[in-house]
Amino acid sequence: MDSALIPEGVERCSFKRFTLGMIIPAALVIWGLYAAYLCWFKGLNQTNMNDSYGFALWIWADLAVIAVGGGAFFTGFLRYVVGKDELKNIINFAVLVGFCCYCSAMLILAIDIGQPLRGWFIFWHANVHSMLTEVAFCLSLYLTVLAIEYLPLLLENRKLDQVPFFHNLGHNMHEVMAVFAATGAFLSCFHQGSLGGVTGVLYGRPFGMREGIFIWPWTFFLYTWSAAACGPCFTMLSCKITEMITGKKLVKDNVYNLLAKISGWMLGTYIVAKIADTLWWAIVTVPTTGFTFMEFYNNSNNFHGLWILILEIGVCGLLPVAILVRKKWRENSSLFFTAILLAVIGVCVNRWVMVMQPMAMPVMTFDQWVLYLPSWQEWATTILPVAGGIIIIALSYRYLPVFPQERELNPVEKS
Amino acid sequence: MNTEPKETRAKKFGMVIDLDKCTGCGSCMVACSSENNVPVRKDESDKLLSATWIRVYRITNGKEFPDTEICYFPRPCMHCGGKNDDGHSPCVSVCPATATDYDHSTGIVSQIYTRCFGCRYCMAACPYHARYFNWWDPIWPAKIEESLSPDVSPRMRGVVEKCSFCFHRYQKAKDKAYIEERDVEEMEYQTACTQACPSGAITFGDLDNPDHAVYTLKQDKRAFRLLERLHTNPKVYYLSARSWVKRAGDNYVSSEEPTKGPGAYKLEGHGGH
Amino acid sequence: MFPNVWEWAWDAGHYIFFGGMWYVLAILFLGMNWCVFKAIKDTKAGKGGGHDH
Amino acid sequence: MKINRRHFLALGMGATAGTMLSPLPWKLTDDASIWTQNWAWTPVPEIGESYYAGGACTLCPGGCSLSVRKVGTRVVKIEGNEESPINTGDLCGVGISATQLLYGPSRIEGPMIRAGKRGEGKWRRLSWEGAEAQLAEKLSALSGSKKSVVALSASKQGSVALLIQRLLAAVGSDRFLTLPSVHDTLEAAMALTMGREPGEGVGFDTENTDLILSLGSSVAEGWGSPVRMVKTAAAKTMIQVEPRLSTTASMADIWVPAKPGTEGVFALSVAAAMIQEKLYDHLFVATATEGFDAFSAWLLENYTPKKAEAVTGVSPALVKKVAVAFAGARRPVAICGRGKGDTPISLAEALSVFALNALKGSVQRDGGLVKVGAIPYTLAMAETDDLGAKLAAVTEKGRTELLMDWGTNPFYTLATSQEAADALAAIPTIISFSPYMDETAAMADLILPDHTHLEKIQDVPVRAGLERPLVTLAQPAVDPVMTTKHTGEMLISVGKELDADAFPWDDYESYLEESCGEMWEALSEGGLWQGDIAWKRGLERMLGTSDRFTFVIPEGPVFLSANGDASRYPLTLVPRSSLRISSGAVADAPFTMKTIEDTVLLKGVSLVEMNPVTAKEAGLHEGDTATLTTSFGMVPVKVTLFDGVMPGVVALSKGLGHTAFDEYIGGKGSSYTALSGAMVDSATGFNCTWGARASLKRG
Amino acid sequence: MSLTGEKQTGREQTGSSGGPEEKGASGVVALFFIVGLAASLAIGWIVFPKLLYSKSEQPFDFSHVTHADAVGDCESCHFFREDGSYAGVPTLEQCIECHEEVQGESEAERVFVEEYVAEGREVPWKSYSRQPDCVFFSHAAHVKGAQMECAECHGDIGESESLKPYEENKLTGYSRDIWGSNISGMKENSWDRMKMEDCGACHKETMGSKGACFQCHK
């Protein structure tokens, strides 16, 4: 019944099957919207956050989706600015995933503030010294860029493309996409960085505080770097999952290979920088605050033990680097999958640690470690954008020519 | 010497709390709550959700019976001056909407509830847990609403609140001084906690005014500040002759001795404070 | 955000920060306008539409 | 022409452009955010003229004078009166939070009669005339049955107390009772050692002392007049004797962790050490005392530091150190009364402390233990004979027909065991005059609510161990918030019904003025009357005009052992006092609940403090849930570890576990009193409980 | 539905809305645009303010002129208390000093004496200039400290013969005078608007700085 909307030359499942498949994510979205409604109308008492844990699951989810959404800007940067032409075969999908991620982030931010109707104060009454202001500005601008980058793909829908104006608009936008992509890359560098700055500048919180350059702490650069490294991994991961679900090969291996190689080297250099930063912090910064490195991991409620550092840097850092950098290993499909999965987990763990641990950790000597478990409302609203993203990706895949190589890889016999 | 007329000279209000006098009676907490319309809830026993602008902690020296000692540690908002006392206190510098600012003419860190949109970044930034979020709509049972003071605006849910050094008392004192065409005297502007403290442990005044008691007290040998080495530059000084109490005021690596006084941890390359 | 807003200050921080913001907005605005107007022009010239490519 | 979607598009674009160019979206966005600052459910306090009214606090015996800040007709803040010699502008948290008691949900709206089952909370409102008629009827029905009518009064002195006593007399009862405190024992001890006229009390001149030896008294946590004693604790040299590191102990210069309940024995061991080491005031003992030889022989036979060690657990060396410090001070004083002094001690213990003070000559002089003159009420006060026994009878089944309560809340304060609580609940008629829905009011058949202390004029005699007699005046800072009536007024009105001759006054105020006599002028002008000091100062005393002091060898036991079988109950439960918790008849207000630490009360459950060593033996850890059991009851608790509590001892905060009041106050934690039982001193008949044997089991 | 059939329908639609009619219709399209524009401008500038504000009358009329003539100055009725606070609108107690009995024949006078003085009830005046609760406005600082005239913020109310209706913003609950009667927020006189920006502008001009938050907030 929706066949007129489906791109030419490709095969899609029946509308019924598609609808059935969407039931679970749609239910999750409804559940999440109900939770969001509760948070908006009854207030943040619906969460399990408290005065020690003012930044919690949501902020982590925010940082995590933006980090993994970094695939859009970095792939765009490689494609349009550096000129890696092969990447045109995955750029649409990267933009799509990025767009979903950034929409998620905005949605979560809108729930996370105590007075949503005053949310615009962050723009109007902006305090330029606040990292959060920088985040809000860059985030919303970059979301606009992503929307602009996504628009031509939308216009390529078979029905829309028949309208001459839309066709021309899409065409023209392709022409200047490099400008938008460059702007997006510029914005991303700053907002990924400023997200890192959010905890990095907290000089009252020795765990969060990382010294750096000028107004930017090291976390500023590390966040940008890690997002550039792990974002494409998430794009590839999503792509692989889409391939699994659709049962079709959608992107050629040489594209994966190229992106994986770049990601591997990015991740490798990032991990080196991260280790250097951790060492500098542990050896130079921490003692000036009167702490010892191990105090940040000991005495805790085992929620933030040293294991988390090993997980982040070793298991989810060095290990995927090793796989992705070595040609033989990354060409092994299960190793490749493991590596990109670990890289994505790694960046999420990093964001978790940087948000949660500064909150949980006592700074005053007579203070105590705090444990926090999110309420169902927090879980639901965190799952909401994930489910929403799945729906958007599914719809886009179904009705838009997201994968340029799909027709070639999956030839359809004309009836 | 400062030759400017008094009223135009910037003030730096601050507090000195003598921990050796404090008995932890909690008067300051109640006086503060009553003065500032701090909201109440049915269960106040979960301290992670209970708002007390000044909170009195109980600390011990960690020794075994019978060598144990305790000390009460009242903690209002520190009204941090920030690194180099430039007004970039941990919370002020992070507030995205300028809902909290540093008043260079009084040294007080404000919190404007009607500007705050509840992002809680300031709470994440404050190492003293001095800031409280209004998770609930403020509800005063029965007729308790009648006891709310019009001098302090009640907070709506979804915003952050904290100790203001009873700034409204300064506003009122200034009003009276205007009418009588004179300056505000030291005792005319005192915070509610200072006023209520039975043991006289809290002293309040202009830290830069040699005529004020706090000016002398902050230079006491026993003086120290909380988390001095983070360079938050608090305007609340503590006094204690007990070395373990002094040590509890900051984090020290085991080999270090907390012998340094307020302002000892200077920032490299800057004037420091 | 604007010079007429209470928090605005005529200092470097505001110039850099808001300068960057307005610069980006200008690029996006001009870029999109260029695309739209060119698309109108192209459409009038009879380009595009349906499946003529 | 065909209208198609291009036209609509154009219309829409025009509308959008027009809207953007109009103030509508911008003003609405702004106004929506302003709406959030003016939500109808966020209160906006009314503005008005701000001024102060006078008053007196009655929430504890401390006698603080108040400055009540008002805005228009509303009370917005309570502060200490700077003119008061007692609290000099300062005030404790409980006193400050009374604004929330005044306007709070536990206030009783007006006279009420029980409509449902007892304690069910169903009431029918009455008019004041109706309620008074009910009371008169109930009382006259019982007239003559002497033993059956009981009245509990918050104070044994003062105008209202006298009216209560008169009302009882009118129905032929002499069971006018008050809650005994350490002062009742001290007065008995004074009668034996120094002689006592009616109305005279015992004081400690802590202002002029240079060392306080406190035998278990929580000087910094509410003993005596709390605000004043907190100042003392912060300023004076102190030696604290008690099994737990309280705030007072921590602020003291020497902490003597004697075993629970053995403070009196420790006092005697210090006295013995002073005699052994010849550290006592020979001149005073020789010139101004009697019975020293017999007393010292008795002391050296039974209470040498070595012998006492078996009871107190305090080493002779530490005893000697204390003796040297006490004897070496210029004007030391030994004070007693555990915790806030709201529980009596044994007469023997009081005599021991008197003797210790006398050995240093710290009796009837600056900075010592002193006689406090009677308050000159024109209408004399009769004291209750045999108070201990009569009180005990209240919690015995079938001994009372009718109970009236004016501010003592017996269902909380006298319910020291399940049995006692049951006996109280079995009293056929219970009448409460409480302004708050306390435990007793909740169980009452008839409530005739009094004004709160902020709404009424009333004399408040202060009995808090001050060095001189003192009366403060409660004043109506605000018009009554509820349909309440001054109990004095109500008593006169009901009294007239029963015996018009005994109640000749037109109204309470004229009676008050008459009753206060010579004090009235000072009271009505300054809100406070202070008597002269009755003891001798400096030179006068040196000339030997002091009253003589008699050393009395106590008859009863100095140390009362705890109830309960040691094998079943291996631990000793002691109370933990805090100025943040009102442990009297009236519970805390919401603001004070805020101040209670999470090592005392956490998510509605009381915590017991125990030494890590004890906890380890019992297999308990920080935060564990456990059941605390004594032979009088059991309660669920959580465990908190504290090095400052003696091994083998567990401490539970006093003043929590209210079951009535409102959701902000009631149902928080467990009541120490309900677990503590009775430890009766044979000499006075008072319940001198200092603790109980207990067990603590996980789960 | 067959694939080709669907496609054709699509083409037909495209054809009918685009191509042939385009040139002749562009003027009509523009007209639609202008209609939309004009209508929404009218709604935004004229209808919206009417909907946003509610109007109500004061309890009874009052002439500032008459009273100012009788008592001489503003401060006789609008005075400072000893503690420096500003008493604002007079209370019944003050009015009674002169209005124990009915004076003159005006209707307002009759209402005042009969309904308020006789009953001992405070007049529920609606204050035009009341700032939100979060604002601490010191009259002392402005009138005594800075020697400002009442009219600088309150305009010529002191010379008014009768009271204008009180207008309230239905959404925010505040008096219209805070935003000013001009919906655009533009002002001509210093008293036309009393938003934070207006305070700031004056402070900036006279004191060199807009001041810290806690200068005027509580």
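Going in written order, the chains are labelled A, B, C, D and E, and every chain counts its residues from 1.
What we mean here is this: contacts are C-beta pairs under 8 Å (C-beta built on N, C-alpha and C of every residue); 3 or more make two chains touch, one makes a residue touch a chain.
Since this is a predicted model, take the numbers as computed values, not measurements.
Asks: For chain B and chain D, which third chains touch each of them?
Replies: Common contact partners of chain B and chain D, which must touch each of the two, are A, E.
Asks: Compared with chain B, which chain's mean CA position is the farthest off?
Replies: Farthest chain from chain B, going by C-alpha centroids: C.
Asks: Grab the C-alpha centre of each chain and report whichever is closest to the global C-alpha centre.
Replies: Located nearest the centre of all protein C-alpha atoms is chain B.
Asks: Starting from the Cα centroid of chain E, hunt down the chain whose centroid lies farthest away.
Replies: Most distant chain from chain E: D.
Asks: For the pairs C-E and A-C, output the one whose chains share more C-beta pairs in contact.
Replies: A-C
Asks: Determine the centre-to-centre distance between chain A and chain C, using the mean Cα coordinates as centres, and give it in whole Å.
Replies: The answer is 26 Å.
Asks: Starting from the mean Cα coordinates of chain A and chain D, work out the distance between those two points in Å.
Replies: Taking the mean C-alpha position of each chain, the two centres sit 61 Å apart.
Asks: I'd like the Å distance between the centres of chain A and chain B, where a centre is the mean of that chain's Cα atoms.
Replies: About 40 Å separates the centre of chain A from that of chain B.
Asks: I'd like to verify one number: the distance from the centre of chain A to the centre of chain E, where each centre is the average of its C-alpha atoms, in whole angstrom.
Replies: So the centroids are 47 Å from each other.
Asks: Mind pulling the residue numbers of chain E that touch at least two other chains?
Replies: 11, 14, 18, 83, 85, 132-134
Asks: Which chain B residues reach two or more other chains?
Replies: 46, 51, 98, 113-115, 137, 150-151, 154, 156-158
Asks: Could you say which residues in chain C touch two or more other chains, in rising order?
Replies: 6-7, 49-50
Asks: Which positions of chain B touch chain A when the two form their complex?
Replies: 46, 48-49, 51, 57, 59, 73, 75, 80, 83, 88, 90, 93-99, 115-121, 123-129, 131-137, 156-160, 226-227, 229-232, 247-253, 256, 265
Asks: Contact residues on chain D for chain A in the complex?
Replies: Interface residues on chain D, with respect to chain A: 29, 32-33, 35-36.
Asks: Would you pull the chain C residues touching chain E in the complex into a rising list?
Replies: 4, 6, 49-50
Asks: Which of the residues in chain E end up touching chain B in this complex?
Replies: 80, 82-85, 132-134, 136, 138, 140-141, 144-145, 212-215, 217-218
Asks: Note which residues of chain D are touching chain E in the complex, please.
Replies: Against chain E, chain D makes touches at 1-2, 4-8, 10-19, 21-24, 27-28, 31-32, 34-35, 37-38, 44-45, 47, 49-50.
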